[in-house]
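Both complexes shown next keep subunit A, but they swap its partner, so subunit B is in the first and subunit C is in the second.
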Partner chain A sequence: MSDQPSTLLSAFSRKAHAAHCKLCLSGLPASQIDVDGSRLALAFYCLGGLDLLGVLEEEISPRNREEWRTWLWTQHAKGKYGSGFRPGPFMTGRDPRISLQDPADYTNYDTPHLIMTYTALLSLAILRDDFSKLDRKGIIAFLRCCQRQDGSFSTVPGSNENDLRTLYCAFAISNMLDDWSGVDIPQAVAFLATCRTYEGGYGQSTFCEGQGGTTYTAIAALGLASAVTKKEYLTRSEKQVTIEWLLRNQDDSGGFRGRTGKEADACYCFWCGGSLKILGAESLVNSEALATYLSRCRFKYGGIAKAPGESPDPYHTYLSLAALSMYPPQVHDGNSTSETWKFGVLDPLLNAREETVAWIRSHVPDRKVHS
Partner chain B sequence: MFDDDELLFSERPEWSDVTPLEQYENLNPLAPIFYTDEYKDATNYLRAIVKSGEKTKRVLELTENIIKQNPAHYSAWQYRYETFITLLFPSSPPKPSKALATNPMVIAELALMDELAVRFLKTYQVWHHRRLLVALTRQPRRELGFIKKSLEADAKNYHTWSYRQWTLAFFGGAGGGGGVAVESSDENDIDFEVGEDLWAGELDFVDAMLAQDIRNNSAWHHRFFVVWGCGVREGELDRERISKRELIFVKQHISFAPNNPSAWNYLRGILRHTSTPFSSVAAFAEPYTSSKESISRDNIVDLDNPRPGEGAELPCSEALEFMADVHEAKTTEEGVNSAVEIWKNLATEHDTMRKKYWEHRIRSAHRSLNTATNAA
Partner chain C sequence: MHGIRRVRQTQEERQASKRKELAKIEEFNALTQRILARKKGNDWSDEAFQLTTKLLQINPEFYTLWNYRRNILLKGKFPNSSPEQVHELLEDELSMTMTALKVRPKVYWIWNHRMWCLEHIPKGPASDGEPGADGWKQVVWNKELFVVEKMLDADSRNFQAWNYRRFVLASMPTPRSESSELAYTSKKIEANFSNFSAWHQRSKTLTSLWAQGKLDESKSREAEFELLRNAMYTDPNDQSVWMYHRWLVGTGGGKDVLEREISAIQELLDEQPDSKWCMESIVHYKRLLLNNYAKDVDTQHLTRDCKDLLERLETLDPMRRLRYRELAGEIGPSTS
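Right, the complex of A and B next:
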């Protein structure tokens, strides 16, 4: 199975996958109402997909990109907990006084959201925004309001909803701003350590079962923190146990599963694959089998599903592309097929294309401080 | 005759005093959702209510309607909880109390949560709201029963298991981590249903879950959490005895179904947690690395080293990996050679998916052996 020659891979229909992302950006059916409170994340998966496919400029007109930037900025809000981005306008009433120039004011029920703030910054960078409207100090204040006594972060200020995803987002935002004054790193890392399990993975929160997605957020968060503190947070043997657990999650289908004994799912090809890359173990992944599995998850009219035969969605499409960016299959057919399997290079710590991360480096930090 | 549930809020006379507030969208939004009329209608009223700050009984009706259409609407959940608390404690600050468990409003809310949890098993908010309620009523035993029932619908549901772990840690008095800090100073509240006996049924519960599916990793994880991960309780203080008990337990389960990564992970977990060398269970693991034919079939029952069952598919790759680790840890040339032999076997035959990894293990074992030899 694993030695199956990847030359059997059919051409990757980039146009069709781009069309899936574009279609979802243009509108979602009513069956997707549960995305209402996380629309910005969905938009990021679509934009990120177009970015990795390298078709953003040719597929989306400059005017369209400008309008999307404008819409993203209307989710930028300021208030007593600082500034950040909301998931969308689902709690924003129609109000003629809404101004597009400044962050809008929020109430207790439409505050910024930590995960959405992370995806908004990435989306704006993909759209090459100049970030002149960004309230940097406000975002730092917002991070401070989200950090709880135990070191974890809540999704919105005051909520008890906390897990490793939010901690990762707080670290990623600090990294993008090149300003860590909004988070208490040692406390956060202490919380993160309580999420580690005997299997070597990390659970969503203290005491929970090890899971691929939260393991990525843990490993990436430690990677981001290490880059600024110059500390090693994991011992050699801890790393080793985590690497082994991650590698064991690649099952006979070639895809990765999120938990021991579960079925493979396209998204875990990224979550586990990204963790392994950050841990320096990418050369140990069976990338041919991985690509074979993901090729089977493709929907024939575009988009990638969580498993073969399922319906595609932007989340699995983006994460599959991101996995393929890190683990490109070797296609030696001497014809154009191999070209279709090449994607932009991904930065595994921020989960964005390298060019986009370079844009973030030059536009998101406060230039007055860092020039 | 009209069923009230089928009327839009804009059609209900009792809501005529509220002016609905439509959602703001500008010209070219990203990923707009084509809402149903029912959702648009209900959320128009929620935005209006939130703006006016009304927290009355009808708000519970409105938020229930929205939650049933979109269980991930976290603002509706948040406003519902605040309204609920306002109605429950009209004149005093919220305080947990046992008496709350018999309050009709609380009973109704928990009944609704029972229904919604099964309907929206995979939605975080359903479980989150439940935590807030139970932190008030402090009746964790009911929750353990409910969780058991809800796992019948989905035995590996992540939220359900997390909720069980939270319930035990929060109310069970040992190392309770994250959660809602609500303390009571009232003397009358001393008989809250909390304490160590909450844990009494947990191992039987894990046994029952594993009897249904011996490969349910969530159940294995839960066992680790109960025995090793969250404090030590009365009757479990003799850790040597507990280690022994757990080793017998996991070995037996491996003998029932050798190719079960969850059980092997549990075995490795115990050994690491108790700093016991892997070699101490080599005699147990060894027979699982042999091919089926070579296993001697004597009738000796050795509890410490249960043999693979009759129909077992052997050799078992987890056992091979385990024995290679045992050999490598000897740090002798002979040990490394035995480990390399096994890794070659895994790479070419028994676990070809991880070929690159086994080759890496071979290279790095050779490397460390060379370093050790040169140093000596």
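Right, the complex of A and C next:
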């Protein structure tokens, strides 16, 4: 429902944005060194971007896709805490080209990282890996090692870094494996509830103020759990309060802010927009204003930035594409500009394109159990 | 791209640069391998410790090395040290992490190591049970509070800093009073009414003080309404103030408080007829009356008021037009 179709939007330069993703996959300048610690997350944003643009196969050769699948599997780690994926090669000090020939030299301290395990699984699905190497039991064991007494999940076993992001990742991994034996759902949901604020948002942990990103992880986690337990975790009134808080986060620019009193940022268009979609309130979003805001965040030479006039990066590029997949602008059909603004359907619970989710459904769960 | 200026280089310069980088990477990888081998061998020596310092300076995200470093302290250094020596070692760690944070302020693992150090400061300088036993601890925790306050001065919306602040306050051997925390939030709010993080902290502090009976809840609530009245009149467009008001109304007082606040906001609306927040809040509170006190209020009148305001809001706040329309449909049967 909208007043004015976005006839004023210029064509969405799909090639330029795809080029940005490809470029970032091959290398980043020294100014981005902070991201080296999360290389697997970075890979996901780039691959996800290409997937949402629908150009993965045409832009990336089969040989490259094979190399990347292999590279992802070299980040796999197995040990006393189960199996999963590490953030990147810096943790072993080995030239990744050499480790390809070694059989895995997995040690106790090469612990996997929960968030990186989630992004690795999605990245492999995007690259259409057959998951024959997947150690399902190991991953379930890893989830168990990460869940703490209060129900939350730490990023690595035994660490204090625990918040709703890791909880969401644990739930998403369980959903992908179609196996929830690694997670104590009631305990996790109890922790999640302590993160809810009176505004209706969810903070990173208990006592924190409500924030868009963690609100998404909470709402999506509850959605994933509901599908399995068949329980409704939020009352109608709680949903309404959350929907109102989320809607209030759309500011005059058309973009969404992450917290009360902050500026709009492209990534919150996904975090808040995705939450609203899961809650069934997407028709209440001013999607034209949203699309207009994101179109202004485009960088002239490709990629999408957090705000108009800023530099682009894979994280904001991917999340903007994900937001546009859920809230495409209305454009007059038939002309070439309108075609550029068409996107595939996104599954907001797993944050992946429908086709990729279909691949996950048919390849990730243990077939012996599910056939 | 990414704000890096291109510097023209000759082919030779580029190759030399590349060789240098590759050498650095090889050195880093070799160093990593050496350390990991020592860790595998349970090497708790000072040599190993120095190696972790070197690598962590290059890559503080290498979380297993922070683990290893703590193990070296626990199994290698602490067992042979007096409490004074342990204290000194930990002060060095605090110094080292402070330097690292200045360069990479957002790396969780550095903060995590810092928290571990703070928690391991031993009793001293006096022995356990004597006055002064918490002396060392009190000093470091006070310093830490000072560090957090500096961070909040630099960015008062840094929610991780607010979270860390709560951690520090909860960990101090001689806790600061919650009333002083209330005063801290006042200070932050007075500096900037839109500091929602400060209002949020205030709501948490008050809830705690009321639950413990340390403050008379109804008197305190009245004082907060006064504070808010000021803030609303100073800047009726500030979302933080209205959200806090909503929290405050939700803490109790019933029908009387609702009606009184609706009146007060109506007065402001009369002066500022385009104030979206006044309208939105009046609708919110009138809905609360309709939902919770239906038998004691004029439901027809209230319903009509809400619908009128929602219609005006569709024009005044078009971004949320669809939500206002949906709400109008939900509020009781139409009486027109």
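Definition applied: the second predicted complex is superposed on the first by the 348 of 371 C-alpha atoms of A that agree within 3 Å, B and C clash if a C-alpha of one lies under 4 Å from a C-alpha of the other, contacts with A are read in each partner's own complex, and residues count from 1 in each chain.
Just so it is clear, a contact is a pair of C-beta atoms (placed from the backbone, for glycine too) under 8 Å apart; a residue touches a chain by one contact, two chains touch by 3 or more.
As the structure is a prediction and not an experimental result, all values here were calculated from the model.
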| item | value |
| --- | --- |
| Joint occupancy of subunit A by subunit B and subunit C, clash or fit | clash |
| Superposed model, subunit A: greater residue contact from subunit B or subunit C | B |
| Partner chain(s) touched by A:F171 [first = subunit B, second = subunit C, both, neither] | neither |
| Which of subunit B and subunit C A:W341 touches, first, second, both or neither | neither |
| Subunit B versus subunit C as contact partner of A:E161, first or second or both or neither | both |
| First (subunit B), second (subunit C), both or neither touched by A:S311 | second |
| Which of subunit B and subunit C A:D252 touches, first, second, both or neither | both |
| Which of subunit B and subunit C A:F207 touches, first, second, both or neither | both |
| Which superposed partner A:A43 touches (first subunit B, second subunit C, both, neither) | first |
| Which superposed partner A:L72 touches (first subunit B, second subunit C, both, neither) | first |
| Residues of subunit A at both interfaces, subunit B in one complex, subunit C in the other | 1, 28-30, 32, 34, 36-37, 90-95, 107, 109-110, 156, 159-161, 197-199, 203-205, 207-209, 211, 247-248, 250-252, 254, 259-262, 283-286, 289 |
| Contact set on subunit A toward subunit C in their complex | 1, 23, 28-32, 34, 36-37, 87, 90-95, 107, 109-111, 156, 159-161, 197-199, 203-205, 207-209, 211, 243-244, 247-248, 250-252, 254, 259-262, 283-286, 289, 301, 311, 313 |
| Subunit A - residues contacting subunit B, complex | 1-3, 24-30, 32-40, 42-43, 46, 64, 67-68, 70-72, 74, 88-95, 98, 100, 107, 109-110, 123, 148, 150, 152, 155-156, 159-162, 194, 197-199, 203-211, 241, 245, 247-248, 250-252, 254, 259-262, 283-286, 289 |
| Complex contacts: residues of subunit C adjacent to subunit A | 1-4, 28-33, 36, 39-40, 59, 61-64, 67-68, 104, 106-109, 112, 115, 157, 159-160, 162-163, 166, 194-197, 200, 203-204, 238-240, 243, 246-247, 250, 318-323, 326 |
| Complex contact set, residues of subunit B against subunit A | 21-36, 39, 43, 46-48, 50-51, 69-75, 78-79, 123-125, 128, 131-132, 156, 158, 161-162, 165-166, 169, 177-180, 215-218, 220-222, 224-225, 228-230, 260-262, 265-266, 268-270, 272-273, 352-357, 360 |
